[in-house]
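Before any comments, here is the structure.
For reference, chains read A, B and C in written order, and residue numbers begin at 1 within each chain.
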Amino acid sequence: MRKSASAIAVHGILILYTALALFPILLVIMNSFKARKAIFGSPLALPTPTTFSLIGYDRVFGDSSIVSYYLNSITVTGGTIFFTLLFGAMAAWALTEYKFRWNTLLALFLAVGIMVPIRLGSVSIIQLIVELNLINTLTALILVYTAQNLPLSIFILSEFIAQIPKDLREAGRCDGLSEYSIFFYIVLPLIRPAMATVAVFTMIPVWNDLWFPLLLAPTGGKQTITLGIQQFLGQYITDWNAVLSALSTAIIPVLILYVIFSRQLIRGLTSGAVK
Amino acid sequence: MADAKAGAGNAIVGMGRGSYAMLLAFFLGPAVVIYTVFSIYPLFATIFNSLYLRQPDGAYLFNGLGNFQTLLTDTTWSVPFWNAFRNNCYFFFIHMLVQNPIGLALAAMLSLPRLRLRATYRTLIFMPTMLSVVIIGFSWQLILSPLWGISKMFLNALGLGFLFAPWLGQESTALITVSLISVWQFVGIPMILIYTALLAIPEELIDAATVDGLNQFQAFVWVKLPLIFPTIGLVSVLTFVNNFNAFDLIYAMKGALAGPNFSADIMGTLFYRTFFGNQLQLGDLSMGSTIATMMFLIILVGVMCYLFLIQRRMQRYSF
Amino acid sequence: MLKTGLKTMLLTAVAMTAFASVASAGKITIESWRNDDATIWKEKIIPAFQAKHPDITVEFTPTAPKEYNAALNARLEGGTAGDIITCRPFDASLELFTKGHLASLNDLSSMAGFSDVAKSAWTTDDGKTTFCVPMASVIHGFIYNKDIFAELKLAEPKTEEEFLAVLETIKNDGKYVPLVLGTNDQWEAATMGFQNIGPNYWKGEEGRKKLIDGTAKLTDPEYVNTFAALAKWGPYMGDGYKAQTYPDSQNLFGLGKGAIYAAGSWDISTFRGQDVPMGAFKAPPPAGSADCYISDHTDIGIGMNAKSANAADAKVFLDWIGSDEFANIFANALPGFFPLSSAKVTISDDVAQTFVGWRGECKSTIRNSYQILSRGTPNLENEMWNVSAQVLNGAMAPDAAGAQLQDGLKKWYAPQQK
């Protein structure tokens, strides 16, 4: 009896907090399907047949580049996650597993990057990208974001790799596996949950960043969706139909992506070889 | 950790020096190269710039630590600097006092055994964290906007209409309001980190505790909480680093002058304004780099405190 | 920063090759903060240019006004900025010229069509070099909703006293927001408030020049009285105006919920898209004024990136910007931006005509913080945003506002230190 009462309390709190987390998002999405007068007149009402309107979406998708902006964002975010995880895991493995002279110093050197404010080196970064002839390319963004995310990735993955029972690694070595095989076939699968966490942490700021797309790839159809939406908002700032539709257009795919990704995360967490 | 390394050392005894170097180069090479070129080099270029002062004719003259002296002693610079620093500390405290306890509480509830709809809650609560600050800032501005009147309607419905105020526009409430919006957005991060740590605790420990007659709450406080101290330490230091790097949300909602009367100005907005300029204010590479270097030092001190004072002590207790 | 010489060489070499392919295509890009006008550039202005010059392609790539200066500076430093640069007036652009980012345009033939006054915002202090083609000025005043004025039987106020009486009537009626202006974004407080009504107090150019030569101070009665006039607006502004943003204000008036809108002439084109019947009146002078003054501010020019790989095409384009054809297209496509060329331009929009008509009735001046006085730290323009917003919020007394501005200016500006 007491158990079910506390379960109800827990659900009550969680439902309240979930409502708080979702209310602003739902409000924006809901109102994006309404006509202008209804947005201002009754903002909390659901769209009805009389107030329903897609005029904002007409304006957003009238700008045909929106779809290609999505592809740009997916490429940049995907590329960054891939390189951050691969190179990050490799470095974390070497730093925790192998003894060499500069080990501690190198670990400290890599940790500095966790603290580097992202915009401090902007001017030098632009100059570098120009030198490499990568301006207005998605490669430039992937390189900069990978560099920015590697330190945290190494930091988190090292903690997890250090927790892998040494028997597992030693067993591999006894079976005559090379160090490379041990890493790719034993270690990588074991740190999947940690990699899922790192992927989430990498994905959010990269997908949402406005600053580097603005400086490194602002034109020529290479805009990311965040920048594209920002430019769109600037242009239609007083047209709330367009603004709310643009915001919803930016929100909905992220949510879909996240729901798919969230499954991975759960699977990673529950398969839990790491305890 | 130490014996793990020793074990590895034994295993690769048979390996030649050359192939051992190859091995290290293979694993460390890509990360170190990309990181050094695109992150460390630009950072050093910035610190280097803070030692130079721009002359009226556009040339840069070596100025030693003169820029730092100006920043900390000349009232033109020191008043905004300390104001931004103080505001940034408030910003951080609000996150520590609101964001992290809420994150911990949510994680604790989510990790309760036999909780139904666990994945749904977690996915939904994490959602705001996924969205761009452009979207969050804009949406909240609309919600709090006196023009649209949503928040007023809401308070009226609860019979609290008299509480309504233009929170984002008042000197006394602007910073708190922006901080709470930031908390709202990022509470998912401590939640998910602590949740992951809680899941990693072996169930036998909890079972043993319950057998000893502790209820779930007591089991959480006395058994689980001490075990996740390292994670809470990690969450705190991440919060510190993120808060002292923060910029986007305040810039999106309050602009580069972060008003009224700079009441929401933090290090990030001060740096941006100084480095890149504003309407008629010209960008100042030297002073901008000086502020950036100060931000770097503040964060460095914070992280060092964590590494040497907190993390060391904790490792002794972790399992 | 390290190995500077080698790096610069590499940089230039790479930049040249990077842009070489683009250059051969005869393509130029325009940097601008006018993202509101992107559609008009794409649909009207650029096609008109290409009808004359089919071999040159033009791309208009605006950045949001808030980010424009920062992003442009970074791109210029990095060598990735577009060929054509839209110029802010006075010191911001002068800085770009002295740094070598903007090219001199003295040899541009269409430059002859502009008066010295028009060119002054983009000319070096010695008057020798002009680096941007003047495009347009903007005029301050008040736009009102004709229907609301008719409903409440109100007439356009001619003096400050009448202005406050009109606001009081609208407030007592209670259906509409009397004065649409917000302080969240701060710049409107200074620009639509202080700089809008101020010239009547400090006698336009006369007062502005006195500040520059140090014979007047911001603590003088003309400035304190301007702030005192602003301080009276608070009760008539919308509920929660302290958190009201600029787009909020535009919506409030555009939806017909507000009676009077503290305006810049550029707002006309925003409201043209919404069915608000508009009229306009100029800043009402205080009692006892003999003359009237308006803020007629040289606001937008257009210049050339000194490192443009397409200099020849860019100059052809700039020459066209200086032509009568452009002035006519621009003035009518964007009512509220008034061309600065000496060409005879017919403006068809009636509200825009009202604004430009004030030039014949009153003396024109530019915003007093723009020339010379915002060169140092603390920046006078930033300070004006801050104190004007605070005065409107009722958080600062008028004399304290003047004192803070004067203290800041005195810190670095020699003529004010005497």
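Here is the rule we go by: a contact is a pair of C-beta atoms (placed from the backbone, for glycine too) under 8 Å apart; a residue touches a chain by one contact, two chains touch by 3 or more.
What you are looking at is a predicted structure, and each value in this text was computed from that prediction instead of being measured.
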Common touching chains of chain C and chain B: A
A-C compared against A-B, more contacting pairs: A-B
Inter-centroid spacing, chain C versus chain B (mean Cα positions, whole Å): 37
Chain centre separation in whole Å, for chain C relative to chain A (CA means): 39
Separation of mean Cα positions, chain B and chain A [Å, integer]: 16
Residue numbers of chain A (touch at least two other chains): 40, 122-124, 230
Touching two or more other chains - residues of chain B: 45, 272, 275
In chain C, residues with contacts to at least two other chains: 1, 74, 251
Complex interface listing, chain B residues touching chain A: 1, 3-5, 7-9, 11-12, 15, 20, 23-24, 26-28, 30-32, 34-35, 37-43, 45-46, 102, 106, 109-110, 112, 115-117, 119, 121-136, 138-140, 142-143, 148-150, 153, 184, 189, 192-193, 196, 199-202, 216, 241, 244-245, 247-248, 268, 271-272, 275, 285, 289, 292, 295-296, 299-300, 303
Residue ranges of chain A touching chain C (in the complex, touch as defined): 40, 122-124, 126-127, 129-133, 135-136, 214-215, 218-219, 230-231, 234-235, 237-238, 240
Residue numbers on chain C that touch chain A, as the complex places them: 1, 7, 10-11, 14-15, 17-18, 29, 35-36, 38-39, 59, 61-65, 67, 71, 74-75, 77-80, 82, 247, 250-251, 254-255, 270
Residues of chain C touching chain B in the complex: 1-2, 66, 69-70, 73-74, 88, 90-92, 95, 98-99, 182-187, 238-245, 248, 251-252, 369-370, 374-375, 377-382, 385-386, 389-390, 393, 395, 411-412
Residues of chain A defined as touching chain B within the complex: 6-7, 10-11, 13-14, 17-18, 20-22, 24-25, 27-28, 40, 43-44, 83, 86-88, 90-91, 93-100, 106, 109-125, 128, 143-144, 146-148, 150-151, 154, 162, 166, 169-170, 173, 179-180, 183, 193, 197, 200-201, 204, 207-208, 210, 226, 229-230, 233, 243, 247, 250-251, 254-255, 258-259, 262, 266, 269, 272, 274-275
